[in-house]
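Two complexes come next, and they have one chain in common, chain A, joined by chain B in the first and chain C in the second.
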Partner chain A sequence: MQPVIKARGLSKSYGSKRVLDSIDLDLMPGRILGLIGPNGAGKTTLLKAILGLAPAQGELAVLGLNPHTQRTRMLQEISFIADTAILPRWLKVKQALEYLEGVHPRFDRAKAEVFLQRTEVKAHMLVRQLSKGMLTQLHLALVMAIDSKLLVLDEPTLGLDILYRKQFYNTLLDDYFDKDKTILITTHQVEEIENLLTDVVFIRQGKLCLNTSMEELQDRFIELQLTDDQLAKVAGHTPIHSRPILGGKALIFEGGDRELLRSLGPIKTPSLADIFVAKMHGEKL
Partner chain B sequence: MQDSWKDDQPIYRQLHDRILGLILSGALKEGEALPSVRQVASDYQINHLTVSKAYQELVDAGLVEKRRGLGMFVLPGAQQKIATSEREKFISQELPNLIAKARQLGIREAELTKAIRQMMKESN
Partner chain C sequence: MKAKMLTQIKREFWECRSSFIKTPLVTTGILVVLLVLGVAPWHYKIAGFISQSSVSYTGNSNLGFEVLEEAAGHQSITTDPGYLVHGLTAVFSIFAVILLVVLLFYFADTLYSDRRDQSVLFWKSMPVSESETVLSKLIAGVIGAPAVYVGTALLTGALFTLSFLIYAGSVWKIPVPELGSVVPIFLKCALGLVFGWIVLALWYLPLFSWLLFSSAFVRKTPFMLALGLPLALIVAEKWVLHSHHLFRVLRDQIGSGLYNLGVLVQDPLTLPERIAAALSSPQFLLGLLVSAVLLCACVWLRKNRWEI
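Take a look at the complex of A and B:
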């Protein structure tokens, strides 16, 4: 099976600042990858490189194509929702559908219309009349109706209320996703997508500091909760992170001996948010 | 926002246990279809691999079968099988925990058995 995204040594600098630093990435079909990192870590730069919006050094193939030299062909099978509103404010919903029907060979207008019927977005409305939630529904309608192989979502639920967010992910899983499709999603709302992801990548200062399947993640990270008087028991085992809990500490270990840790106290898989905090505060690069 | 999962066990395991519970209580009858992987993934906002993994464990345990193109179905005898294994699990795992807890609290055997006997009588 050919990876949907394959990057080797992908790098980019703005002046002396390295914003992407030797990134290796393989994303296989049928996966949902979360790209997670603090502001300024290089998420958007990486997405731009993948979408062919900004050049980068190194090897990069998306759907087997070069995002720069074969961009037109590549874009026929990719859909993308940006974090910023990109539709012109004077455009009518109907015109957006007409436009896409005209330019995109894989756009199914009827499908978008059926989807919009379930929302409050009406065909005669102007983009500027839509609330943030309705605008996301419009984006979603356009993107769902494109028979793409890769869907890229950049902070798709930023600023949306709970109802819209839930509906967004329901639609994504129910109407869009299947085993032949692949989703790449960036977000700060780690808790919200944690259970949705099959794979996760943490990016920090342009480097990937975690690149794993969720299944592996559960084997690799262990949280051990100890009361203060038991803490001496773990001397000699170095956690990557420790945070205070009622009466003790929660320690996160990476690649620790599960049986050994289990014998010391209650263990569990730490949440993705806790692993994120641990990895971001952890070892200096 | 999401249905609450406990964090001490992987979600596929908990989903698996919930389905066992449904079959055991008769809410999901033998011969009936399990909801589709897509449906469960969307309802709980979890990925399809998690759901598939839970279903696969049920298949491996001989409780459900996959019918090509149709989905997953509860096999005859599943309820009985689950009842037997859950009973064993209760005696071998849950009861020792209960006894350990009682011991920690200084509850004596006579006191404990008396309480159990009374509760069993009341619930009959």
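Take a look at the complex of A and C:
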């Protein structure tokens, strides 16, 4: 099966600053990948390269196409919502529908209208009259009505309240996602997408420091919780991160011996957010 | 492909609704109101004054006023179709001048506005190539908007003609031109307006392309580049080489467009002659080449420097 995204040695520099450093990535069809990293880690640059918005060195194929030189053809099968891809304020909702119907061969206007009927967004409204939440609903309605193979979401719920954020992801899973579709999401709100993802990639200073499926993640990372007086037991076992908890510490191990750690104290699978913090700050221990 | 281009052009009209649709309609409204208020006869007097003084204004400064007085006395309002032509030319000129101003602002802004309001990424998420984007904006400006302006100008011209006939016949009680002679005059002027715009647009293509390039190039304030660079080059040429070649070239290019518009509005049948004259002009041909280079540069900039 051909990967939706295939990158080999993908690199990009702005002057002397290397923002992408030999990235290797395979994203298979029917997966939901979370691309997670701190500010300035290279997430947006990687997305721009994937969407053909900025060239990068190395090998990159999206749906078997070169994103930079075959962008128009590629965009017939890709849709994206970026926090920075703002809908123009002068546009009316019905004009947005008419525009997509006119330029996008895979856009189903009726589908978008059905989705919008469930919201407060009305056809005659101008984009500038919509709240941030309504705007996201409109944008989501537009991209969900595109029968694309890859959906790229760059901080799609930034600035939304918790109700809109939950609704956004529920709609995405219930009304859009199926085995033929692939989703790539970047967000800072790791905990909200944790249950959504099938794969996760951590990016730090332009390099991928984690690239795995969620199943493997659960096997690979173990959190051991010890009281302060039990800490001496782990001498010789090096956690990648520790954080204080009530009366002791939670230690995160990568690739540790599960049975051995269980013999030392209670273990559990750490949350994605904790693993993220561990991988980002681990070396500072 | 065709549907996509039409949608792209429609998009330009949605964005520029005020300048492409409302402005010519408001202009029509204002001119119609002025007609109703009786300004039309005044225009006619002036038209008569201009037409006669332009041939007889040879140093006798009182002659023009005599002609005006004569016109005011209704003696010069005859069935002479020249009066109608002058009137229609005046109406059409108003629309042409407004259109030119609108287009200068449109072209200087259109490839910058989506970067300014940050909607560029939304447009770039659509399967539309940069060549299609630039071409659609050029077509919207050179053909789309002028079509609306020509339509409203003709509507205004028709109302103007009608009001003159009614006014002259009922108020002044003078013999008015028969419909059979008015319609051909009107159609001739209308054709002249269309042909005049086509030739003007061809002469102005380098100007429009330069403005488009400026709007695609700058980080902000496209007019700073659009006006600033030519002015700086003109001044530099004068200081360094003590010559005015660039100024002359620009003046001739802009002047030729307006000259052709003026000639063709009054006599559209000279179109083949005007086009032949343009095609035999090295400056015109060089202008087309410059336009092509600038438009290609716009496409390149949209593709490679969208984030600035």
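By our rule, the second predicted complex is superposed on the first by the 282 of 285 C-alpha atoms of A that agree within 3 Å, B and C clash if a C-alpha of one lies under 4 Å from a C-alpha of the other, contacts with A are read in each partner's own complex, and residues count from 1 in each chain.
The rule is short, and it goes like this: contacts are C-beta pairs under 8 Å (C-beta built on N, C-alpha and C of every residue); 3 or more make two chains touch, one makes a residue touch a chain.
Quick caveat, the model's predicted, so the values are computed rather than measured.
Bringing the complexes onto one copy of chain A puts chain B beside chain C with no clash. Figure note: vertex chain A, arms to chain B and chain C, all at CA centres after fitting on chain A; angle 140 degrees, rounded to a multiple of 10. By the touch criterion defined above, A:S271 reaches chain B but does not reach chain C.
In the superposed pair of complexes, A:T198 makes contact with chain B only, with no contact to chain C. In the superposition on chain A, A:F177 makes contact with chain B only, not with chain C.
By the document's definition of touching, of the two partners only chain B reaches A:I32; chain C does not. In the superposed pair of complexes, A:K166 makes contact with chain B only, with no contact to chain C. The partner that reaches more residues of chain A, of the two candidates chain B and chain C, is C.
Residue contacts after overlaying the shared chain place A:Q218 against chain B, while chain C stays out of touching range.
Taking every C-alpha atom of chain B against every C-alpha atom of chain C, the smallest gap after superposition is 26 Å.
Chain A has no residue lying at the interface with chain B in one structure and with chain C in the other.
Across the complex, chain B meets chain A through its residues 1-2, 5, 7-8, 10-11, 38-39, 41-50.
On chain C, the positions that touch chain A within their shared complex are 3-4, 6-8, 10-11, 14-15, 17, 114, 117-119, 121-122, 124-129, 304, 306-307.
The residues of chain A lying in touch with chain C in their complex are 51, 53-55, 71-73, 75-76, 79-82, 84-92, 95, 98-105.
Contact residues on chain A toward chain B in their complex (touch as defined above): 32, 162, 165-166, 169-170, 173-174, 177-179, 192, 195-198, 214-215, 218, 266, 268-269, 271.
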